[in-house]
Structures are given as C-alpha cells and as structure tokens.
Amino acid sequence: MHGSDFEDLVNKFMKFPGIGPRQARRFVYFLLAQDRIFRTDFIKTLEGLNAQAKQCSRCAYFFVGGLNQNLLCGRCQSPDTDKSILMIVEKDMDIDNIVKTGTYKGSFFVLGSLKNKTLKRLGLLKKIITKEGQTSQLKEIIIAFSASTDGDQMDHLLKIELKPLALKHNLKLSSLGRGLSTGVELEYSDAETIASALLGRH
Amino acid sequence: MHGSDFEDLVNKFMKFPGIGPRQARRFVYFLLAQDRIFRTDFIKTLEGLNAQAKQCSRCAYFFVGGLNQNLLCGRCQSPDTDKSILMIVEKDMDIDNIVKTGTYKGSFFVLGSLKNKTLKRLGLLKKIITKEGQTSQLKEIIIAFSASTDGDQMDHLLKIELKPLALKHNLKLSSLGRGLSTGVELEYSDAETIASALLGRH
Amino acid sequence: MHGSDFEDLVNKFMKFPGIGPRQARRFVYFLLAQDRIFRTDFIKTLEGLNAQAKQCSRCAYFFVGGLNQNLLCGRCQSPDTDKSILMIVEKDMDIDNIVKTGTYKGSFFVLGSLKNKTLKRLGLLKKIITKEGQTSQLKEIIIAFSASTDGDQMDHLLKIELKPLALKHNLKLSSLGRGLSTGVELEYSDAETIASALLGRH
Amino acid sequence: MHGSDFEDLVNKFMKFPGIGPRQARRFVYFLLAQDRIFRTDFIKTLEGLNAQAKQCSRCAYFFVGGLNQNLLCGRCQSPDTDKSILMIVEKDMDIDNIVKTGTYKGSFFVLGSLKNKTLKRLGLLKKIITKEGQTSQLKEIIIAFSASTDGDQMDHLLKIELKPLALKHNLKLSSLGRGLSTGVELEYSDAETIASALLGRH
C-alpha cells in the first residue's frame, strides 16, 4: 500500500545499528506523523552534519568539524590532552564513555574491530606511534578493548603487532586490568575474572 | 568534544520511538562513519518522503502519496476494499499487521490512543460513519484495540460514543474476540482470558 | 569437599521442574543452614505427603487424600461438580488455574502431554467418556490445551480420537476459543490470533 | 481441593531461595507424580543430611560431616590448605565457585551479609584471626565480596574492623581487584570500573 519512497526509507533505517524491519517501519510512520516543520528541520540538521562530517587524521575519530579544512579533532588539537599516553579503542562510543568518567586525560586511537575489517587502520596507527615515539613525546600505549572474545583476540594481536615498535621507542605497552566490574557477583564469576581479581588485590 | 550539529541530531533521534540517548548517539556516529554518498542518498529519500507525505482524509492513515492533490490512501480508493465493514484501530502499524494476515478485506480508521490525545479524530470518525451509514454502504463497525488496559478503556469509550450512530444507521457494532492467543499457556492465563476462551469454544 | 549425601541431594533436586545444578546446590546449602527443627519438620511433612499421595481413579489428578482407601479426588466426589461437562487438560496446574478463575464448575481429566508420553491415559479417558456417556450424564467435552505447537497437536489428535465416541453418545466436542489474550498487542499478533479474534467478535 | 499437608509443603518450599508460590506448587505436584520409591529415597537422603549436617567451627562453612564429633570441615582439616592466607566471603556458594577456578589454595571464612544479619560471626572471625595471627601462621587476609552496593559496604566495614588486628599481628589486609570482568563491554562500563582497569593495567 506504500510507494517506493516509503519502502526505500524503511530499508535505509534497517542499516542503522540495532534496527530491525519493524522498528524501521515505525520510524517512517513516526516521520510521516510529524508536521512538515519537524521533517524539514531534521533534514536540515542532517545536511549540516553531512557538510561538516570529518574523520580525524590522527586518531580516526569521527566528528562534526565545521566547514574549514582542519582535519584534526578537538581532542588531538587541544593542549590539555596528555600526548605522552595513547589509548587504542575499538569505537568512537568507547572514547565518549571513557572521557565521561573523567579518569583519563590522554589521547586515543580508534582502531575498529576484527568484525568490521577496519584493520587497514593498523598501518595508520603504526605510523602515528613511530612519529610520536621518535619525538619522545609518547611514553605509553594502553590497549583498551572489551573483555569479550573479540576484544581478547584484538588485544592479543595488538600485543604482537606493536611490541617491536614499543621496544624500539622505549614505550610502555599495557592492557586494561581485569577484575570484578561494578555489579558483578562473586558467585557467578569465571576463573579468569577471579584469578585477575586475586592478582590485582590491593 | 562535538559541535552543536552533532548534539542537535542526537536530540532529534531521541524523539524517535524507542530511542534513548545512547542509541541516538550511536545513530549519529553511524551516519558519520558512512561515506558521503550514503548520507546524501539518505537525505534525498527523506526529502522525497517529506514532499509526498500525506494523511488520508477518510481513514487518517499516513502514506506517501505522490505529488498530486489526491488525499485518499490507496486502500480507501481501491474498489477491492470492502466498504461495508469498518475497523477502528489505534495506529498505522496495526493496519499493516492486520493486512499482512490476509484475513480482513474491509476498510480502516486510525483513531489514535488516549495517551496520544488524538481523540480529536473522533469527530472525523463520526462524520464518516454518518456519511457512509446514510448511503447504506456501511453495515458493520469493528472496534479493534489491543487487549491492554488502554485498549480496554478505548473499547469501552467507543462503545458508548458510537452506539447512537450504530442504532440510527442500523450498523452492527462489535469488538475483537478474546481467548488464547498463539503461544499463550493455559497455566498462566488470567480469569478474563479463560472465561472468553470458554465462551468462545467451538 | 562434600560427602556423597550432599551431592546425592543436589542430584535429586536437579530432577525438580526448572531446577539446574546451581540452584540445586543453593537448596542444599539452604537446608544445611536451617536449624534442625526446620529440617525435621520438612521431612515430616514430606512423609505425610508420601503416605497420603493418591491419583484420582477418575480424572488422574494427583492429590493428598488421607489414609483411607478412597481413590476419588474431592472434585470427582463432590455433588457441586457439574458432571455434564468434562474438560481435558494437560496438567494438574492447569486445573488449579482454571478453578481459581471461578468460571468453570464442571469436571476435569488430566491427560498429560505428548512430550511426557503419558498418552497411556488416553485409554482411561475413553473408558470414562464411554461410561459417563452411556448414563447420559455427560453432554459435552472441552479440549483445553495451551495455544502452543504441542497443545495444537494434542488438540488435533484428540479431535480425531474422540470424534467416534462423541457421535455415538451424542456429546458436544469443542476446543477453547482463540483470540486476543489479556495483555496482547494487536501490532504483534499473528495471523491465526487475528483471524480468531475477528471470527469471535461480539 | 487439597488437604493441609499439600498446602503445608507448598509453604515450606516457598521458603527455599528463589521459589515463589507457583513453583512451590509445581514442586509438590512433581513429588506427587513420582512413584513412592523416588519419594522414599528423597526423604531418606534428607534424613541422612539432617543427621550429618554440620557447620565448621573454624570457617563457618556448612557441610555434611558424617556421624562423628568432628566439627572441622575437610578444607580446614586438610594439610594441603594454605593456612597463611585467609579469604573472607559472604556465602558458601562463593567458596564453591572460587575453589572450582583452581586459582586459590588458602583457607576461607564465611561471614554472611549485612542483609542476613549474620554479623554475629564477626566476633568469631576476630577470634580466629587473633589466634592464627599469634602463632604467626597467618600472613594475609583477603576481603572478597561482590562488587555490589552491599558488597562494597561490607568491604568498607571490614577494613575498619580488621585494621587494628592486621596491624597488631603484621598481616597484609587486601580486597579483590576491580577491573573489566569477562564479558563486560567498555562502552557500558562505569567510571569506577574504568578507573580500576586503568590503575590495574599490566
């Protein structure tokens, strides 16, 4: 009962993360039910984003960067960022979550995941480590992936890939500590978590 | 670390049904990570939808209706639709689901819910019933709301509101039957469902 | 670190419906942590139950029936039970739930499920229908299984198995009505439920 | 429709951890549906447990200890247990889980939780620490509670309560390390977990 534009938009929303066919339809009906002003405004915001969308040339973070030619994100430009320490994460949302906690002031690099086949960024990461390691600016690299099977594989791979560079430029190379996360019960913890929690007792 | 366009779009996505702040951000990052072609194409589809978005003047269904002046949806225009029976539903998605089952060939009316305060459509509904009742085209009205507290209230309200019209134009006025839905276990069924299932035994 | 009695009891609790190894252990620790009076009392209640456990010779319901020789459950004995109508259910808990609703005053028969291979009771059921049909006491049989795949199979099987008896003794043979169960949303209902709800509109 | 023994047993099962009224009934029906041999055997196992149920006089662990007078559990008696280290946990199941991982060979003490008001055991714990600290057998105490609000309160309380004893007998007093538990995603981690994971990087 719908023209192709309806189904076309449903299909596009189905590409959004976590959105199935039912919710995609719900989105289109939601848009149809709004007044024209809401839709026009939504389109305008998207156009603004499209015009200013950038990926940081140093840390691969996506950002909305204005209309100038600058390709460094705010964090990579800022003098307040501690450039002696570099944290490698899977995705942009990880950075947002870590920054929000206020416990880390260093720089980042968004590597992607094995699943997303974004390992082409590994070459870029090595270049940046080499460059910042040579100037003695960089002192430490933290590999910060989730405690999942994918995250563990990535951690293992990066330890192997980055060790030569770390030795050459005298960089500390570490991974996030394991233990009991907030909310986790001892009764349900696995051997690795308990072993890490014992090792990391303080 | 983001400009106002980023946060602006996050806020707009948070108005979409079922979308919280975290998923709204994920959507914006998703759009930033796509290539410009995807985004431009997405915007174009939205513009097409915006230009053609219509609400049916008879049944209040939202549809994408081309650029002409026609304000009747395909179903209300079609000679294949059985105009002798009218089903009143809460929302567009209900129609899609009922149509998909292939068990109903009649016409619809989208009334909205008590929550959404769209009861202003009740006046429109009454006008349509009066008009189609006078021409003797309409024979039956089915009130088809969910078996929830809200749906039951609506059912009750409509029975009262529509009874005079049904009497005047000699229309059958009914509600969807209750009983065991597919997947429901007897052990966990409430008194009303069991009573209805007993009454409706066949 | 535990003797065989501990593990023995864990294994026995794991046979209880819905109990996995972790909860079975939790039960044993719970019992160990109670004082001796609680445990002795628990054992005594179990012994009482064991001495008086009976299965009704007419409806196959399990009950705690005192130390006498009577093998009819209270419902089958009671003059308040409407013997003109017989409802066939899967399990004892279904009876408890239906009785609780107060909408049914007839008699029952617990047949079991295809999964539990208790179809040996089918022979007993036929004998009872024959006997009560001959005396013209019985007028109607209601097949009351859950609206699940298993329940539907059972319903289908019983319709075939009981039809000859129903014809012979002039008994009405019906199944519970389908439709919207309390709490079910129209948007998520399947074709069968919607078709039944339409058919059963009132 | 059931005698008092039925309801009595339902009520007793409702005292078991995690068991509501419906599952308690299901348990009684399950027992009624078993043959007499199963029930008699179940009762016998319970009687054996009741006769031999003991609580270790050193670590407060519940165990099935035979009919002799020995009030020490197997772990507290064993020469393989490392008596130089004592781990304080909330409940017996925590010990089982930690032992299962094979990463800890020391002794335990089951303190209970604030909720269960079993803090009367705190006096016993202090006596044991004093006694084993005086003989220089004990070198370290690990406070091992879940990473929950209750667990954190307990950890805080024990740090205060045990500090004087630890100083007096020169004992190391530590808590389990925090960090990313297996399966935990960085994107969803809270500030405390991230801070701990950063601090514990290795």
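A few remarks follow.
Note that the chains take the letters A, B, C and D in the order they are written out, and that residue 1 is the start of every chain.
Convention: contacts are C-beta pairs under 8 Å (C-beta built on N, C-alpha and C of every residue); 3 or more make two chains touch, one makes a residue touch a chain.
These numbers were taken from a predicted model, which means no experiment stands behind them.
Compared with subunit B, the chain whose C-alpha mean position is the greatest distance off is D. Per-chain Cα centroids separate subunit A from subunit D by 40 Å. The distance from the centre of subunit B to the centre of subunit D, each centre being the mean of the chain's C-alpha atoms, comes to 54 Å. Subunit D has residues 91, 93 in contact with two or more other chains. With chains as nodes and touching pairs as edges, the resulting graph is a single ring in which every chain has exactly two contacts. Applying the touch definition to all chain combinations yields A-B, A-D, B-C, C-D. Residues 89-91, 93-94, 97-98, 100-104, 142, 144-148, 151, 174-202 of subunit A are the ones touching subunit D in the complex. If you check the complex, the residues on subunit A that touch subunit B are 1-3, 5-6, 8-9, 12, 16-18, 22-23, 25-33, 36, 39-43, 45-50, 52-53, 55, 62-66, 73-75, 91-93, 96, 99.
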